[in-house]
Structures are given as structure tokens and as C-alpha cells.
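Two complexes follow with subunit A in common, the first pairing it with subunit B and the second with subunit C.
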Partner chain A sequence: MLDRSTHEDPPPTEAAPDTRQVKFRGAGFVPSAGRRSGWIALLLAIGLWQLAAGAALVNPLFLPPPTAIARAIYQLAISGALWQHLSYSVMRIGLGWMLGTAAGIAVGFAIGLSSLARSVGITFISALFPIPKIALLPLLILWLGIGEEPKIATIALGVFFSTAISVYSGVDSVPRNLIRMAQSFNVPFPIIVRRVIWPGALPSILAGFRITASVALLLVVSAEMIGAEYGIGAFVLQAGNLMQTDQLLAGVVILSLFGLAVGRLINWLETRLLHWR
Partner chain B sequence: MDLIADHISHRFGALDVLDNVSFTVRSGEVVAIVGPSGCGKSTLLSILGGLLQPRAGAAELRGAPPADSLNPLTFVFQDFALLPWCTVEANVEFPLLHTGLAVTDRRALVDDALRRTGLTDFRGTYPKQLSGGMRQRVGIARALAVKPAILLMDEPLSALDSQTRELLMEDFVRLLADGAMGAVYVTHNLEEAIRLADRIVVLSRRPGRVREVVPIAMTRGERGAIDARGKLLALQNELWSLIREEAIDAEREVQHA
Partner chain C sequence: MRGCVRLALAGLLVLAASGIARADDVLKARIGVLRLSSSAPVFIAQDKGYFRDAGLDIELKFFDAAQPIAVATTSGDIDFGITAFTAGLYNLAGKGTLKVIGGMSREKPGYPLIGYFASNNAYAAGLKTPKDLAGKRVAVTQVGSSFHYSLGLLADKYGFKLGDVKVLPLQSLSNAAAALKGETVDAALLPVSTARTLMDSGSAKFLGWVGDETPWQLGAVFASPRTLVNKPLVTKLLAALARADREYHDVILAAVKDGKVPISETTKPLLEIIAKYTNLPVEQVVGNCAYIDPDGKLDVGNVDNQIKWLQSQGFVDKGFDADAIIAKDFVKPD
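Right after this comes the complex of A and B.
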């Protein structure tokens, strides 16, 4: 029989002189990002920058105040120049990113699923991935002409390699036990790919999107600086050549906002597609 | 339908894992496989279920499976192997998607499997929201949905706490009570083997060979009675004495590896 006569074991009513509380040692190492504090810090930095410019602590020719940059953005917007430059950049990024992503996903899956593709593909990717893709732009201009094609191809190439790597890494990271489970139920190969491998690799693929979005932005600006009349990169270069630093920084702010918007879009995609995590 | 291990041998690289293992799981019979760590129990189950090709010998089926069986040899995995992006209902439905069954028939099978495992109220839940025991129930429901002839269970309770193990063991006893479904139950837990099996195949240390096949001359219902406990404990001690020395050697080998 169990002894059920005692229901509790209360602590002593009178504390002995050497009684002390156990010291809490588990604090820290759990960083959390407060969204509001981040924005406050950013606004504070902008405010300090404005104050420094107002107090003539910095030369506005080299670092114009935030209000001048805001004014430049406003003027660019109402003159229509902003939309013209932005539309060229967005078109190049959009087409290049989509082409590179589609090819990267196809090749990444092939490497992830086929021994032959893996043997051949990984060697090629290892050899070509480290090449700075912007270095290929002159060659691509020779091949494709001086129109939009070489710029789009440069972005597509940059996006392709990172996407292929993140896709086959994602396929490799799908737990093998899930694939074996599906095989044990005689699930056909295409359904295993669609229902097990694709969703299993998706976190890695979306993480790759985050990297390729930055790569695409970097490459579009570089390509536009090398050979374009319109585009944010071309606009920034022109402004720099004319010492219009307010315009130059306006272009930089627009690029930053564009990058932020793409990041938010990827966050939204992750929330929608990876809600199960 | 009988499942036959016919002189199965297997090797991973230079490591011999199984050596000439033969036994038969008759229709509706529950056979437990026990043995020291690393003796090839799980490898043997993978071979029996067609997930691994043996280097020698074969896994064979004799007789036709039940007409309504959609997957005669069905695994229940130690780590549950649930799709984390699917709800409980979608996980149970997953092995039915390619079978060509009409949606209403699929739904009926899923509903029945969820009801039998007490998961009806959890159909919209994701695996990460469930306890280990409930996750394994989903694994069992998924297995039941395809109406297996033989369940291949690879240490299905080893990742669970003792209370959950006890509850799931009661479920296994209930599910296997009518003899419509057989099972191969791989375990390192002798108590579980004795509780569930009609026969226990004792494997030797690696490379695993059949050391002994121990029949249990009691129905599973009788094993639940208090006066049967003495007999079962004696049997457990007998089994333990069979594998104890080799289990010690195997543990030392693993530590040195």
C-alpha cells in the first residue's frame, strides 16, 4: 500500500540564521529584438545627423542632411524621374531574378535527386560560383549586345548559383526518415518530390531567396553603373559625377527601401508557407 | 499472408550485421525481435519491409494479403516520421493519396483510423503541437488507414516516457486483439516483447543470428491478469539471461567505437 497520510511537506516556519535564497544564475543568452526600440534608434540617428548638419559640423556637399535627401526624393518623385529609373531597375531585377531562380531551382533539384546531375553539377557550380558575376558583364555584352539582355543575364547568373546551392542543400536536408516513410507506403517518386521533398526543402529555398534578392540588387546597381542610361545605379553614378550628393543619397535611400520591401515580401512568404514551423 | 525471413544476411561495408536469419511470421501472428544493441534488429525490419536489399537471402511473402489491404507491409516508425507541414488528418491521408480511391472513400478510411486511435478531436492539429505519445498515435493511425496485413514496428515506444508507453501498449494490445493484423515488433524492451508477442525471436550479438525463438503460451488477454505476472517475470528473466552477457559486450563495443 502507498502511504497517503502526508499530503505536503511544508518548509520550516522559522528560518534558520544561515538560510538564504538560491541565487538565480540563468539570466542572459536569450536575445530578443524589440521592434519599437529599433525604429527609435534609427530615428535618433537621423535626428543626430540632422542636428550635426544644422550645426555645420559636417560639410553638406559631402554629407547632406536628411531633410535635403527627403526633398530630393520628393522632387524626383514629382518630376517622374524616380519612377522612370526605378521601373528600369525593377524590370531588370524582376526578369533576372526570375530566370536565375527558375533555372537554379531546376538544377538544384536535379543535383539533389540525381546521382548523375550531382556528380556533374556540383563540380561546375564549385568552379563557377566564386567568379564575381559582374566580371562577366563585358563578355555578356559581347555575346548579347548592349541592350537589356546582358544586364538581365548578369543578374540571372548571380541568382542562379546561389539558388541552385540553397535548393540542393535544402533537398539534402529533408529528413531521410520522411522519404523512407513515403517509400514504405509505395508513394510514387513525383508525389514524394511534391509532397515531401519540396515542402521539406522550402525553408532552405526561402532562405536562399533572401540571399539572391540581395545579390540581384547588388548586381543591378553594378550593371547599371557600367552601362545604362536609366536605372537607380545609373542615376546614383550620374549624381556622384555631378557632385549632387543629395541626389546620390536619395538613390541610396531608394535602394535601401527597395531592399526592405523585398525583405518584407520574403517575410510574408515565409509566414504563409512555413506556418507549420 | 505470411512473412518469411529466408536466410537473410547483410553487411554494411566491412561490418557484418546479419548472418543467415530465418523465421516466419504467420498470418495474424505477432513476432517480437529482441537482442543486444547493434545486433541488426532494425536492419532486419527494413529488409523485411522492402526498404533495404539484403546481401544474401530474401524477405518473402506467402499467400495473398486481405483484399482490402492497400499496403500489406506497413511500418510504424520509432521517430514517428510525420510530415511537420501537414495536419494530423493530412498525415493520415498521405499514404492514401496515390491509391486512386475516391475522396469520400479516403475520408472514410481516415475518419475510421482517427477514431480507432482517439485522434478525431485533433485532426486539424500540427505534429509540433502534439506530445510524443500523440504523435506516435498519428503514426499508428496512418498505418491503420492503409489496412495493413502486417505491421512492422521499429521500437515504436522507445522515444516515449514510461506512462505514455504504457498507454500505447494498451492500444497495441487492443488493436492486435482480433488477430486480423499481424506484426513484427522490434524492441530492446523485454517487457514490451513479452506483453505483446506470440513468439519472440532472440538475436545474438552482431552479426545477428537467431539464437532462440521463444513462444509465449498465453493469450495477450491472460497476460494482463495479476496471477500471470509471476510467469511473465520468470520468462523475462529467462530472456534477459539469454542476452545479458552479449548486451554487456555490445555496450562495451559501442563505447569503444
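Right after this comes the complex of A and C.
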């Protein structure tokens, strides 16, 4: 080891004979998303897929080519059914997400700020979070019927737990010395919460939003298992039931485009709300 | 050293030869079935060794829904599938990836299988017979399922429009049962096995059996075109199944009274076989025996009607009929 390092290093300079020069090692670890490379990779993948289908390497039933999926989406759009499905799903996702997020932020802050709420709340969250919502569907039907309520409740439940967890861990990670300083200036409790803890916890709350928005999209398919006539989830389920694989993938593509749009929205929120970072 | 290699090679050759020899006398195949009494002849043929007598080595693969059986047959994970016709199955068959080779369970008067059930409130409000289902909210498992088609047949029989019925797909039997119990739907189509617990606990009212209202060909035996190339295999399998069909018909179905099989010296052995494979107590099997044609015949006319109905509803791709999906060499039409 030692031999090699002396061999590779330039000969020691006259200034400090027992120190050796080292190259700057501090670079890297700052991944930045390029503007184009993501899209190029996506297009390449789609192109390969189309080529594989064109060369009859895969059975179109098992993996319909991108053109068949695009055709299915186009037919859905011109028949007007797409907008009907989308509007129902957006309504369910929107309401469910907002309800779950509001409740999650309230409970998360309570857990982050009060000892009683913390001991009770964390126990309940740990006990209830891992329950698969889909296993509760028959119960939700008994409690709430088969209207919009159980569908919104399924999404709200899924969103609530993740939000509560990310909010209280956000509150926990606010530097205590900032809070202590505010206290030493005799700042009242509500203002500490609003001016110190809220902005301090916001980055992790927004990171939580990114997860819960995806959770809401995942759950819309389960939620629309409950007697839904319209909705992207209902459409995907029906296509699966009827083995119309091109339609099935069309629904999936619409869901993931929706996910991309929501991701963009959260990016925008982050740059607006976290400009101080 | 060289001697060793020669010995090993010789050993391998012997092994390979014996493998070929064994493959000659016993044909291996995998059959996908549901643990339902509507597949009773398969269980009888397997348990009493009819497959073995025909020179077949059959492995039963159990599924929990009809649709995956059709998909697994297409993908080659199983060689034969035995289950109910669904829109998904017809869509696969319409693309040429499946062929129907024989008939299985049927809806027939006197043999309870699928029933119409009303919620207590709807019953009190005047929903007393299947005819009254027009204009009601009815739960089914999936669009294009056997339940949905049964409802369509009922609508045709009583001259109401299916569009007047609000059909609610709830994706699973437990969801449909929960909706009926919770009074959020007026009625549901359920198999007798699911409905019995509801009726016994007084949370649903019986309206009628599909078999009594609109008999139809519910289930079938099907295979992928790859399997059909092996004619001896298919012929032997169908012969073994027909033997079990005949026995099931003569022993069990001939004894059915008021929708139930009396437990006697003759029926008990077969009932126990069905109970073993369906994981049900014998007392529940007796009220749950699907009609199956003694010769394994298929009601081709009804299959064509199913396809036309599903096509008119937009659940099945247009452009094919029953003739296109039936393997004429094997099917005995009714």
C-alpha cells in the first residue's frame, strides 16, 4: 500500500516533506435530474417494445404493442368515456386525498407536540397502518354502503396513515435549538408552531405528499372495486375481467400519466413553499 | 479415467431411454379446476383412478377464480381447464388461444347452483320473485360473468330491458354478500354455497334458482391448441371424464330430491370424494350438486347464444361465433 502511494504521488515538494498532495475528493453525491435523459430512456424503452411486438417476438395478447394501447386510449377519448372515467376518479382521489391529508396533518402535529397524543397515536398508527385496505372492503360496504362514501374512505384511510407518519417525523426533525431560542425570546406557543415548527417540518411533509399522492392513485383501483360504474380504476378492473389486455394497459398508462402530472404539481409546490432553502 | 466417463455416458443413456419408455406408456397432464362441486367428475376420476386406468398421469392445479384458469391454459401453465364460461374466456378463445373440447356443469331445473337473493328490506317492499328484479339494484361479481349473463337471460325471459336493472359489479362474492346483508343493494346473484350462510342467518331472502328460470351451459372443458395436437392425450382424458360423468349422473344426480342428495350407502362414497376435494362437510355438499350431462355433451346452441349476448353488450370482441372456438373433433354437441 505505502509503496504504491509513494509511487503514484508526485515527488514531495520542498515545503512540506511529510505531507502529500491529494486530489479533491468532495465531488459527487449531488444527483441532478437532467431535462432530457429521462424522456430519451422512456422513448427508447417504448421503441424497443414496439419493435419486439412488430417482430412478433411476444404474443400481442400477453403484451399489447404501444400502438394498440395508444389506439385504445384514442378510442376512449373520442367516445367521451375517458373524460367521464377521469372526472369520477379525480373527484374520488381529490376528496379522499384532501380528507386523509387534513386528518393526517392534524394527528401528526398532535403526535409531534403532545406526549399523550404521542403515546396513544403511535400505538394506533402502528397497529392500523399495515392492515390492507382491500381486506376491509366488505366491512366498508357494510358500514358505508356502495355509494361514493366507501370509495373516498378507502383512499382517505390509505393517505391518512402515511401523512401522519411523515408529519410527526417532520416535526421531530425540527432543530430543537431553534425552538429553544424562540422560547428564550418568550415567543408564545402558537407562534412557535406556526413560524418555527411548520416551516421546519414542511420539507418532510411535502416529501410525504409525494408518497401519499401515489398511494391515492394506487388505492383508486381498490376503491372502485366497490360497485363503480365509472372511473379509471373501474375501467382497469373491467378490462382485466374481460381479458382485454390493450384496454387494461391503456388504463394503466392513464394512471401513470396522472401520477406524472401530480408529481409535477408537487415539484411546483416545493419550489414555491420551500424557496427559503 | 476414460472408463469412468464411458460408464457415466452409458448410465445417462440408460436413464434417458427409460425416461422415453415411461413417457410412452403414461401421458402427463395438468388440469386447472376450482374447488367447487361443479367440477365433481374431475375429482371422482382422479380419486377413483379413472385417469390412471386410461394411462394418464394427471396433476390437479387448484385456482380460486374462473378467469385465471383460462389465462393459465393460454399461457401453458396448465394443459386443460375446467371451469365456467366467462367473457374473459371467450375473448381469449376468440383470439384462437383456447378451444372448447367438452361440456361440464349446467344450470338445469331442479339442481340449485346460482340463485337470485333479495335483501330483507327489498323483500318486504315487494321483491318476491325473480321477475320483480326489473328496475332494482342488483349486485354481481364482475361484468360479463356467469351472474351477469344469467341476469341477461332473465331479462329476455320476462321481457324487461337489462338496462333497467342497475347492475353493480362488486368484484368478489364476499363483497356482494356484504352489500346484500348491509341493505345497500336490493338483490344479488350468488352461488348456493355463499348464499346458504346468508339464508341461515336470516340476512337474505331466496327468490329463485337460475336453473329453474333459464337453464344454460355453465361450464366447459377447454385446452390450448398446443395441447390439442396431442390427440391420444385429449381422447383419453375425455373418455376418463365421461366415465366419471356417467357415474356422477347415475349415482348422485339421479338421487337428487328437492335440490338435495340423500346420504345413502350408494351416494356416500362419491359425496365423500367431492367433500374431500372441495373442503366442505358432506352435509353441505348434498345441497350443492351441479347438473352435468352423463355423456359430457356441450350445449353448442347455448354457447353461441352466450357469445352473441356478450358481443351485443360489448364485453366480447366481435367477429367470431361458437363454431370458431369449438374443437369439433372432440365435442359431442347436444
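Everything below uses one rule, namely that the second predicted complex is superposed on the first by the 240 of 277 C-alpha atoms of A that agree within 3 Å, B and C clash if a C-alpha of one lies under 4 Å from a C-alpha of the other, contacts with A are read in each partner's own complex, and residues count from 1 in each chain.
Definition applied: a residue touches a chain if its C-beta (ideal position, glycine included) is under 8 Å from a C-beta of that chain, and two chains touch if they have at least 3 such contacts.
Quick caveat: nothing in here was measured; it's all calculated off a predicted structure.
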**Study point:** Partners on subunit A (subunit B, subunit C) - clash or fit
**Key:** fit
Review point. Thinking of the overlay built on chain A, is A:P199 touched by subunit B (first), by subunit C (second), by both, or by neither?
Key: first
Review point. Of the two partner chains, subunit B (first) and subunit C (second), which one does A:I191 touch, if any: first, second, both, or neither?
Key: first
**Study point:** Which superposed partner A:A110 touches (first subunit B, second subunit C, both, neither)
**Key:** neither
Check your understanding: Regarding the shared-chain residue A:L242, is it in contact with subunit B (first), subunit C (second), both, or neither?
Key -> second
Practice item. Figure out whether A:M181 sits in contact with subunit B (first) or subunit C (second), or with both, or with neither. Key: first
**Study point:** Shortest span in Å between Cα atoms of subunit B and of subunit C, once chain A is used as the common reference
**Key:** 49
Exercise for review: Indicate the residue numbers of subunit A shared between its subunit B interface and its subunit C interface, in ascending order.
Suggested key: none
Revision key, fill the gap. Listed in rising order, subunit C residues that touch subunit A in their complex are 67, 70-71, 74-75, 86-89, 91-92, 95, 97, 139, 142-145, 168-172, 174-175, 177-179, 181-182, 184-185, 315-317
Study note, to complete from the structure: Per the touch rule, the subunit A residues reaching subunit B in their complex are 175, 177-178, 180-188, 191, 195-196, 199-200, 274, 276-277
**Study point:** subunit A-facing residues of subunit B, complex
**Key:** 49-51, 71, 73-75, 77, 79, 81, 83-86, 94-95, 97-98, 126, 128, 146
Review point. So in the complex, which bits of subunit A are touching subunit C?
Key: 59, 61-62, 137-139, 141-143, 145-147, 225-227, 234, 237-238, 241-244
